[in-house]
C-alpha cells in the first residue's frame, strides 16, 4: 500500500490553532496527515519536542505561530524564530532532510493559508518518502 | 597436513593483546600473532569539528597519556593558525608535560616494572604487583610512591586546570596562566619530586644493579631486537619531549635521518595487516620489508630507551650524569637490551624534575602574557611530541573557517607495534621448541617483553600499560592445544 | 570495616581511553582502603586479572562491576553482558559508558568513512595499500579473528541493564571516592540513579558573575581573551554549564574554557543538546531572521559541541544520512 | 501518579462529526485502552444531558480524568471543565480532542483517514490527561491605591472617581500645572460652554478631596510588581536641584498621558511661521481666551479662513482623522461671528465630520451664521499667497472647490490651521515603563478594541483619553470613568484571583544561570541575588511558556503544559 506521511503539528493557541479552527468552520479541505498539538505560544516549543517526534516516527514536523509582531504574548514567536534555524542546522548534521521540519506564520484569520501550508507540506514530505529515523533506531538494535 | 584453526568463541572475551601461536606437527613454532582488537576512528570523526577543539577531543585517545596528545594536538593546531604563539605558553605547556611524564613514569616503574625486579620475575603473580612492591620495600616507601605520583598530578592540575584530559591549550597559547601564589604552591612539590627522582634511581641501583642475576637478564636475556630507534631531540641532540626534530639512528648508532615535524610523511609510513586494527609504522624510505630484524630493517622502536639511544646527551646536568652511568654500565650506546627501558625511564625522570626546577626559577613564568589571538588561518599543521610511549605525531588540515578537513595520527605505542609483534614471536620460539612443552612461565616471559615497551593500547586501542590481560592460545593439528591466560 | 564478607569487585573497560581507571587511581591512598575493604577480583590496570576466573564465577557472585568505556564492537558488548551476569550491581562509569562519550562522535560518520580515513586515505599509509582489517582472516591456513567493528557507538545501557551511572570524563576523583564509600557502606540510592554528581547544574558551582543574558555575537574560544570573572555565555563563548550536571568541580570554566557537558544533562533534562539549543537561541538579541542567521553562522558544528560527550544518548542518536 | 480512571466521551455533534468520523468506531477503539474506565459517544456532549452524563459518571464510576472528543477546546473547554467541577473533580483534569474543526470538517473526502486521525487525536488526549494535575487559582491582596499618569481631563476625572469612592490616588503630572490640553481651550463644541468652567469645577473638588495626592513636575521612572501589588518609582523635579524619587505602592495604574498637537511648521507651503497671520488653532484659542481676536498688526481681521485637516488624513503625515477639529472649526466660526459680526469667515474642509451627539445641528447653525464653506480634495491643498497692493486683504487662498467644481480664490487676513492630534513623543517610553504596547502611530493598544477598550494586555494597567487615540471630551471622560469603574470593581472584590495555569521554578533545580531572566515579556521572572535563584511571580505570568522551553536545567515547569504532558501527546498522535 502507498505510504501516508505522518506529520506532527505544533500550533500556537491564539493565531495558528484559531486559524486551523477557522479552516474548519469554513470547511476548507486539506490532507488528514497532520496531527495537531496545541501549545499556548510557539515560545513553549522546546526543540526537543521536534526531535522526539522524529524519533517516535513522525515523517515531518510543522510549527505554526503568529506572524512576527502579532504574538499574543508580544514576543513569543521571536523565540521560535531564533531557535528554529539552529534546530535546522542540528538536524542537518544528523542527515535529516531540510523539508521534514518547517516553521510557518499563520494568523487567526488565515484559515485558507493554514490549509495551503498543510497541503504543501504533506506533498513535499510524501515526495521525500518515509523518514528513516524511527526505522534506523530500531534496526540498530538488531545489528547486535 | 593442512591446519585449520577452530576459533573458540571464548577468545572473543579476551583480546587486549591476544597472542595466537601456531605450531608445526613437530611442536616447533610456525607463526605467532599479536593482535589489537580495537579501533575508535578519531582520524575520521574529528573531521568537521572546529580545529581549535581538537586538543580537547584527541586527549580521549588515551587517558593514560592525555597530556602528550593535548600538546601534539595543540602544536598541530598552532600550525593551522600560522604558528603565532605566546612564548610563555610554550613554557607552561612544557611545564605541564614534564609533570605528566613524572606521574606516568612513577606509576609505570613502581606499579608495573618494579614488581618484576623488586619481587622478582618468578614471584607468584598474585604478589607481583604494586602491593607486593610495597610489602617488599616497606609501606613508608609505598606511601612515598603514591604521594609522589599525586604531587605530579597536582602540578598538572594547578598549571593546566585539570590533571587528566587537560583543556587549556588554545591556538596562540593557553587559556590560563599561573599566579605567583600558585607558583609558591608548586615549588615545594617540585623539590620533593626532584628528590624522589634521585631516590628512584638509587633504588634501581641498589635493588637491580646490585643483583647480578638481574643485570644478566637485562644484558643477555632474549629481550634484544636488531631494529632502529626513533626519538625527538633538540639542536644539541639532547632529548626534548615537547619540541624539536625527530632523529632516527640504527642499532649501531649511525644516524639514518633527522626530520622536522612537517616532513614526517616522507620518512614514516604505516603498514596494515588484516588481522589487527593497529597499524605497523616503518621507515618509509626503506619500504615495508616485513617483520624482519637487521641493520637494513625498516622497523624501528620508540619510547625511553630509543630516546636515549638517539640522543648524544641529556639536556640537564644531573640527568647527564645518570645517562653516562647507564650507558657505561650497559657497555654500549645505543643499547639493544629492551629491559634497559626501565633504567632509561628513571634517567628521563631526572631531566623532567630538573626542567621543572628551571621553570620554577623563571621570573616570566607567572606573567599574564600566556596567549595571543591568532590573526590568520593557514590551514595545515603537524605537531610532534615525545609521548612516554614513543614519538607522537598529529597532522591536521582545516578550511578557511578553521573547520577540520583531515587528521592523521601516529601515536606512541603504534611505533612499537612491529617490535612487540617480533619480540613476542622471538620469545615464543625461545620457549616452545620440539620436545619442550610450553607452560605457564611463558606468560611472564612474554609479559616482561611487553612491559619493557610499556605498551599503552589506550593509544589507538584501549587497554592500559603493562599487566595486560594476556591470552596465549597454542594451536596444533587444527585444535586448541594449550591455552595460558591471565 | 565490618566483619561481614568482603565486597567482591571488578573493574573493566569497553571502548575507553583509560582515563576512568586513572581517576580511580587518583583517589591515591584511598585505593588502599578499598583494597582492604574489598576483594578486587578483576582490574587489569592494577592487579592481576584472570579472565577465566570471571567466567568461572557464579552469576551475581560479584557485588559490584564498574564498567567504563562505550560499546564500539562485538567484544565490548560481550564483556558488558558477561559482567552484567556475574554482578549484582553494574555501574556505567564515566561519560563513555554513561552516554557514549567522545568515541560517540563517530555516530555522525560511517564505518566505511572511518576505515577509509584510518587505513586507505591518509598521508602516512603504506603506498598503494588496499588492506583493511577484517574480523576474520586466513593467513597461510591460520585463521585469525578480531572483534566486529559495529556501525555505530552505543552507551552501555543500550546493550545491558545498568544499575547506576557515574558521569564525567573522567569522573572527579573526589566523587569516585564518595561513590566507592557509598558502596562499601551500602548507602547507595535507588537503582537507575546517577551517583557522584549534583542535582543542579555547573552554573550553581561556577564562581563567575552571572547577569541577564542577551547575545549579539558568538565567539570561538580562540577569537577573544576570556574574562575570568564574567559568565562565558555573556562573552559569547559557548558553555554548556547551564544544562550540565555539576560535580566536576567546574574544572573547565575555571580554566577559561566553556563546559562541554561531560557530566551529562541535568536531572530533568531529556536531551542535553536540544535543551541547550533552546536556551542558547532564546537569548539571541535579534528579531530579524537574516541577522539571526548571521549570528548563528558563527556557531559551526553545533551538534559536535552540544553532543560532545553524548551523541549516542541524544534523541536522534546517530546520523540518518541515506 | 494516582491510578487513572478515565472517562472518554466522543461527541457526534449532531451529524457534524458523525457523518464523516465513525464516532462509534473511535469509542470502541479507545474503550480498550489502559486506564479507560468508560467510553461513550453521544449526539451533543455540550448539551445539558451530555454534561450530566459526565457528572453522573464521575460520581458513579469514580472517574478522576475526563476526555471529550468533540469540537475545538476554544469552543467548549470551559463547558466541560465546569462539568468536571460539578461532578466533583478539579476542572483541569479534563482534556479535549478536536475532532470537528480539525478533523470531520476538513477531511470530508476521506472518512477512513478522518476516523483514523480522530482516533489518534483522542488517543493523544487520553495519554495527556493521565499527567494532568489538579490546579487551583491563587489569590493575592489588592492594594486599593491607584496611580494616575497625566493631569488632563481624563486623569482628573479618573482620579476624582476613585477618590470619591474613598480610595487613595496618586495623580502624577509632568508639567507644573493640571488641566492638560483642555486648559488651553476657550469654549467647547457643540454647546459652547466654557472649558475653564469644566476644569475649575473639577480642580476645586480635587483640592477638597483628601484621598488625592497631586504630584506636579513629576514622572514615572520605574514600575515593578503585578496587578494589585505594583511598586512605582516617581521622580519629582523642584527647580534646579536633583529630582527626588519616591516609591509608591499601588494596585493599579491608569495611563492618561494625552496627546500633543501637530506641528504646523512641518507643512511648509501654508507659510506657517513666515506669513504673520497664519496661526494654529491653539494660538487662536489663546486669542479667544484673551477675548481679543486681532492680527499681528493689532487691527481686527476682515477675512478669516479656517483650514481643516492640518497633519491629519494625509499620506505624508497622519492617515487618521483627529476627530475634534471639524467641530472646533465650527466653534471658531461662531465665536468670530459673535465677536466681529462684520467679519467674513470661510471654512476650507475635506469632509465635514459631524458624527457626535448634537454635532449635526451645530453644523446647521454654523451655516446659518453665514460661514462660507469650501470643500477641497483629500490629496490636494489650498494654496496661500500674499495678496497684491490692489487687494483689500493680506492673503489670497486658491482652492479647487469640489462642490462647484470651479477654482475659487478667497481673501484672508487671518488663516487658522486646524492642527490634528498626535501621540506624545515619550509615548513609547511610557509604554515600555508600564509594559503595554503602542501602535504604529504611537497610540496605546487596548486589550480588545471593541470589547475591552480601557484595559491593556497587562493586568492592572488601564488607558484612557487621547493617549489611546484622538477623541473629544465626552469620550475621554467616559473612558476615564470606565477605567476607574474597572478598578473600583476589583478593589471591591478585595483580593485578586490568579488562574491556576502559570510557570513555576523548582528552586531545588534552579542553578541561577539567569538564561530565563530576559525572556519574559511581562517581567514575571525575578532573580534573587541572595539565594542566587530565579522565581516566577504567578500573578504576572501569562503562561506563554517561553521560559519553560528555554530553562536549560529544566527547573521551570509550565503548569498544564508540562513536558511530560506534551511528550505523552506526541506519543499519542504517532501511536
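Should a chain be cited, it is by its letter among A, B, C and D, assigned in written order, with residues numbered from 1 in that chain.
By our rule, a residue touches a chain if its C-beta (ideal position, glycine included) is under 8 Å from a C-beta of that chain, and two chains touch if they have at least 3 such contacts.
Computed from a predicted structure; not experimentally measured.
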Treating subunit C as absent and keeping all other coordinates fixed, how do the remaining chains group by touch?
A, D | B
Taking each chain's centre as the mean of its CA atoms, which one is farthest from the centre of subunit A?
B
Leading the contact tally is the pair B-C
Averaging over Cα atoms per chain, report the distance between subunit C and subunit D in Å.
54
Mean-CA-position distance for subunit C and subunit A (Å):
33
The positions of subunit C in contact with two or more other chains are 74, 108, 270, 275, 278, 282, 301, 304
Check each residue of subunit A and list the ones that touch at least two other chains.
46, 48, 52, 75, 79, 83, 93
Shared-interface residues of subunit B (touching two or more other chains) are 48
Identify every two-chain combination in which the chains touch.
A-C, A-D, B-C, C-D
Using the touch definition up top, name the residues of subunit A that touch subunit D in the complex.
4, 6, 8, 13, 17-18, 20-21, 23-25, 27-32, 35-41, 43-46, 48-49, 52-53, 56-58, 72-76, 79, 83, 115
Seen from subunit D, its contact residues with subunit C in the complex are 506, 508-515, 517-519, 527, 532, 546, 549-555, 563, 567
In the complex, go through subunit C and note every residue touching subunit A.
74, 77, 108, 150-152, 154, 158-159, 270-271, 273-275, 277-278, 280-282, 284, 286-287, 289, 292-293, 296, 299, 301-304, 306, 314-322
Can you tell me which positions in subunit C touch subunit B when the two form their complex?
13-23, 25-26, 28-29, 32, 35, 44-52, 55, 69, 72-75, 78-79, 82, 101-103, 105-106, 108-109, 113-114, 116-119, 122-127, 129, 131-134, 136-137, 139-147, 149, 169-170, 220-226, 228, 251-252, 254-257, 260, 300-301, 304-305, 308
Interfacial residue positions of subunit A with respect to subunit C in the complex:
46-48, 50-52, 54-55, 68, 75, 78-79, 81-83, 85-87, 89-90, 93-96, 131-133, 136-137, 140-141, 143-144
